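Labels run A, B, C and D following the written order; every chain starts at residue 1.
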Amino acid sequence: MLYREAGDFKTSYAEDNQTFPIKFDRYAYYLLLVAAFGVVPFFINDYWANAVLVPFLIYAIATIGLNILIGYCGQLSLGTGGFMAVGAFASYKLMTAFPEVSIIVHILLAGGITALVGMAFGLPSLRIKGFYLAVATLAAQFFLVWLFNRVPWFYNYSASGQISAPERSVFGINVTGPNVDAWAQYMVCLVFVFASAWLARNLTRGTMGRSWMAIRDMDIAAEIIGVNPLKAKLTAFAVSSFFIGIAGALLFTVYLGAAEVGEAFGIQKSFLVLFMVIIGGLGSIFGSFAGAAFMVLLPVLLKNVLVGGMNWPTDVAAHFQFVIVGALIIAFLILEPHGLAQLWRVAKEKLRLWPFPH
Amino acid sequence: MSAEFYYGVEVFLNGLMAGVMYSLVALGFVLIFKASGIFNYAQGVMALFAAMTLVGLQTGQVPFSHLINATFGVHITHFGWELPALVAIFLTVLVMILFAFLVERLVLKHLVNQEPIILFMATIGLAYFMEGFGDLMWGSDIKKLDVGIPQGGNVWVENHTAFLGGDDFYGFYLDTLDIIAALVAIVLVTVLVLFSQYTKTGRALRAVADDHQAALSVGISLRTIWVIVWSIAGFVALVAGIMWGSKSGVQFSLSLIALKALPVLMLGGFTSIPGAIVGGLIIGVGEKMFDFLIGSPYLGGATENWFAYVLALLFLVFRPQGLFGEKIIERV
Amino acid sequence: MNTMTENSTVGYVTDDGRQIGGTIMEMKNITLRFGGVVAIENISFDIHEGEIRAIIGPNGAGKSSMLNVISGFYHPQEGEVWFNGKKRPSMKPFEVAEQGIARTFQNIALFKGMTTLDNIMTGRLTKMKTGMLSQAIWWGKAAKEEEEHRQKVEEIIDFLEIQAIRKTPVGRLPYGLQKRVELGRALAAEPKLLLLDEPMAGMNVEEKEDMSRFILDVNDEFGTTIALIEHDMGVVMDISDRVVVMDYGKKIGDGTPSEVLANQEVIDAYLGVSHD
Amino acid sequence: MKLKLATLALSALMAAAPAMAELVYPSLSYRTGPYAAGGIPFADGYADYFTLLNERDGGIGGVKAKVLECETGYSTEKGVECYESTKGEGALVYQPLSTGITYQLIPKVTADGIPMHTMGYGRTSAANGKVFSNVFNYPANYWNGASLAINHLLDINGGDIKGKKVALVYHNSAYGKEPIRTLEELAKKHGFELSLLAVDHPGQEQKSQWLQIRREKPDYVLMWGWGVMNQVAIQEAVNIRFPMENFIGIWWSGSENDVLPAGDAANGYKAVTFHNVGNDFPVFDDIQKYVVDTGKAAGAGDQIGTVLYNRGLYAAMLAAEATRKAQELSGNAQITAADMRNGMEALEITEERMTELGMPGFGPSFKVSCANHGGPGTGAIQQWDAAAKEWKLISDFGPSDMEVIQPLIDEDSMAYAKENNITPRDCN
């Protein structure tokens, strides 16, 4: 009788409102935190950090950010790549202009700058809706990439327009640059992911989250019952862009170490993060993690199985990868249109009633 | 008039031509969106796939030759025959119809009544699938597409306009391929309009576009309609693929032409065939003129990609219902 | 301040002996057009504090448009809206809500992705004021505020007898319950004026009785002023204090239920005498 | 779910454990994505040469070579994954084949002590071995390429191009922007007029740029393109009837893929190159005999002798020669990455050695040194013969203008050193 609500009475509204109302979930969550913070750092190597965990964590932040905009506030955006570029270039400019300030501050500020840019590009959402808005956000995507490529000030007038992250440390431990340990990269990202998920959870369960969801579910009714659509949409754009900006900054500083705007933050990045949101599940923080994990792990897994395990030529394997990812996306949508998060919820509900079928 | 003015006119004309090429891609989107409310992200990949299939059939390539070679250690690439262009086109159309049938069978049938975003996502999955499948089938190397369409500056136009701008002016430059594309687009749109006005299937299509439920209730089979619409969209994709492929060869980037069609859709509306044409012309002219007047001289060029979107965005902010949409009265 | 103007009239006493206050809202010569179509033509009426005011009329009479004008969703081309003794400037709907006007909708407009509890909590959005930062860290003011408002919402949940569906996503609820949740959401705003757009449409007799009881209770217990649109004449005559009758965008009658029932024009409109 | 995936991935990794006693050459190739058409022949050539050495000579110094191919699709993130997954398997030298991946691997390979060879691409200023200890970009880089193109213009104009108009059509990315600075310097020196025309990725639509060229009538057009941009540019140049012999591409804009779609009209198009063209070398007979006929060719075998295949082959040859040098210096047949780095730094390619290898005159003779990782910076001009469907060298391998380039290399590499707190090595 592990997974039960029965007998687990709540005596206050605060208790009733907690994130994991079921005891078993709560303990599982604590266990996961202990493992993530206390165990993984001791066993992580370069491959697991750079090929799997660091990109997973960074994309999880971006996915949480985009999920706030699409999943919670219902505003479809394809400008993610452009906003990540803002985060990356803001952190680069800050790092090189104020080397004495901590990189953590720079990353947070980069998020703040991205939030402002996001708000500016969110303004059309007051007039434009649905797929039209999605296409409109592409204007942000293309314009921002063009801008960072075009204006040499953004890349400190380097010959090619590539930006490279200089070496920076936190508490005397390198987190960027060539001499960085896998565990340090992982820990920085983990702390940001943990904080992002916690902030996002708080924002989505309170007043602000409800205004977003009200706009998402029925914007006209929401306005009539007292939601200021300007405020709700712009805060959603701001919060979403804040997280996306942080993800962009981390992607550049901690993960890649060097970036070229068109290649690292192009339109394909916008789509990638959108896939993560939808596969994970709209309007779910857990789904954001699941979606990011799926899209980061699956190609690596397939590559290892097809090329490493079955010794296929890399090109045939790469083509098969597309075929399989595509087929899986379709299969998922047919089986569970509301993403991995919904799959998880259904499984939990079944478990709660187990062994009785209903 | 100074040569500068005629250069402007020339850019304008070329903008119109480029716009037609965008419209060809946008048309495919509109057809599917109109009939099924699906924003078909795979439209670009469909164009690539159609063009690859056309070249493959025409040059007698062995499908899946990479896979066969890798699995059996043999070495085959071509059957050794070549097909006339028209036969190959006809066969490709059959392949696209088969494709439409399979999409309906394997994907859409299971997703009836889902939200638009889910259907959109499914087409993204479809795009991924086809990208890999097309490459597996025909290989990812670049292929030359030649169905006999001439290209290059149209000499007749040049010679007959050279007198306009003085010694420095060569006459208007218009690509023959673009002119043909424009003619094809006109024919295509006319046929589509006639088809939807005067045939039974066409009327059924329009009925479905107006109201799914109502159409179902008078006995129109939604599934048949979807197969037909996707077939037509496949055909339009083939036309777009031929036009673009003749220009740049057939390879991966061909699928990215979809990005050129999106601002056109915003401007013209997702449901209007004339909108796709007029929107394409406006975007084509707008981005070329902006680059000519402002982008190249003052901003360092390469402004077309984002300007097309910004133009569409500005337009929408002032007219959210698009070019041909009626003013929306919101109700609660 | 300027609370007593010429618009404020004294209250009256209803047939069943309730004391009704002065005017809370007054519509003056409202005209609303969509392009060439006139939806509302030069209509004036008032709503008194504490009364149940009904707006009736055949389909297409402009009733819902009138409600939309009151909630600031439509902006009339001509005429004035007075609320609480002040002339209301052109306002956005959410500003109207902040002034204390809440409503329900003809076709249920609940937030389908949210639970009953969350839906009703959205009704209190105009009253929740903690900043974004406080909410983000969920510490101090934000958490405390959330709990206070939860208390209020629980009272409404008790009042409407929907405790059991508190955590159910509203999309899964039957129609009648959805209507009730929607009423709860409007009540949560503690409105000065509550607008109900066909609160009983599509309900069976039993559900209608329940809903009528809730409306009367709301009016009675909270003293909320109510303006409602309804088709069911029986219900309207039973629960409303005064009735406005509209037809083709014009006002054709105004008064107590019995007065209105005696009005020839109203009878014609309902019996379908041709207009010429 | 996640755990299950992870376990699967782990077990798959275990299955691909390294077999030692091999010389491992990772090839970060791209046979998919927007640049697949260019990536395939290079990867084929790179792999086939090592297969040849294994089949014909039993490896290098008696040790078999193993090419670890990893598909990047030209994406930097997949590049990271490829690097991390192969570096533990005894990787000797990386050939990342993309500007983006190069930039982000520079600090990593340096920290991990593995050399990287970016032949004719990557970060140009890595030619300064004092700053970039583990990065090599011999025998020529983009700035050499720019200078070589201008040298060719000087040649055909009797040494004077003052007042001539030269337009650069470039891929609007880090790669495409590389030559701009050098060309600007050269424009000052030789007095020609330079105009810049950016083309956005992917470059499917270039009407504006070519209309501008038609209006402004530059005497020469240079091109820094890649992928579909090349084909479209050449087609558009044909369309506006720009004289093809005045149109010169960099070596990444000079493959068969680029000119074939334009047909006969592309005749006369030129490109800069740092290695020879065609399959008229003895080594190709061996490849036919030992690799293709035995069914061990990496690709379909239809790319042999094409420009990009030859480039892959050439890169492999340089890697193999550096390996031999490293074996000689360290005295071990099974060398380490550090030995390989030393071997690359001591590499010397002579005409005699190339003849021995069956590749006489395939590339320049040169010597790498501690300070100079960039090689001689020599190159030639190749021209397309549309009737014969083949490229022909129309000049000898000539030097580039190091007088202009060297200060630029020093400046850029020192700026990098400063930004990253690197003290330049002492090379004396």
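What we mean here is this: a contact is a pair of C-beta atoms (placed from the backbone, for glycine too) under 8 Å apart; a residue touches a chain by one contact, two chains touch by 3 or more.
This structure is a prediction, so every number in the text was calculated from the model and none was measured.
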| item | value |
| --- | --- |
| Chain-contact steps, minimal, separating chain C from chain A | 1 |
| Chain whose Cα centroid lies nearest the overall Cα centroid | A |
| Euclidean distance of C-alpha centroids - chain A vs chain D, Å | 36 |
| Intercentroid distance (Cα basis), chain B paired with chain A, Å | 33 |
| Whole-Å gap between the CA centroids of chain C and chain D | 74 |
| Whole-Å gap between the CA centroids of chain B and chain C | 50 |
| Contacts with two or more other chains, residues of chain B listed in rising order | 66, 135, 140, 300, 302, 305, 330, 332 |
| Contacts with 2+ other chains: residues of chain A | 146, 220-221, 224, 313, 315, 318-319, 322 |
| Shared-contact residues (touching 2 or more other chains) in chain D | 31-32, 36, 40, 172, 200 |
| Of chain D, residues touching chain A in the complex | 1-2, 5-6, 8-9, 12-13, 15-16, 29, 31-32, 36, 40, 69-71, 73-78, 80-81, 83-85, 87-88, 99-100, 103-104, 106-108, 110-111, 123-125, 172-175, 177-178, 181, 200-201, 408, 412, 415-416, 419-421 |
| Partner chain A, residues of chain C touching it in the complex | 71-73, 92-94, 96-98, 102-103, 105, 109-114, 118, 121-123, 125-126, 128, 130, 132, 135-138, 142-143, 145-147, 150-151, 154, 185-186, 189 |
| Touching residues (chain side chain B, partner chain D) in the complex | 7, 10-11, 14, 17-18, 65-66, 69, 73, 75, 77, 135, 139-142, 144, 151-153, 170, 173, 175, 244, 247-249, 251-254, 256-257, 260, 288, 291-292, 295-296, 300-302, 304-305 |
| Contacting residues of chain A [partner chain C, same complex] | 12-14, 17, 199, 202-203, 205-208, 210-211, 213-214, 216-218, 220-229, 235, 239, 283 |
| Touch list for chain A against partner chain D, complex | 46-47, 50-52, 55, 96, 146, 149, 158-162, 164, 166-167, 177-179, 255-260, 262-264, 266, 290, 293, 297-301, 303-305, 307-309, 313-315, 317-319, 322, 340 |
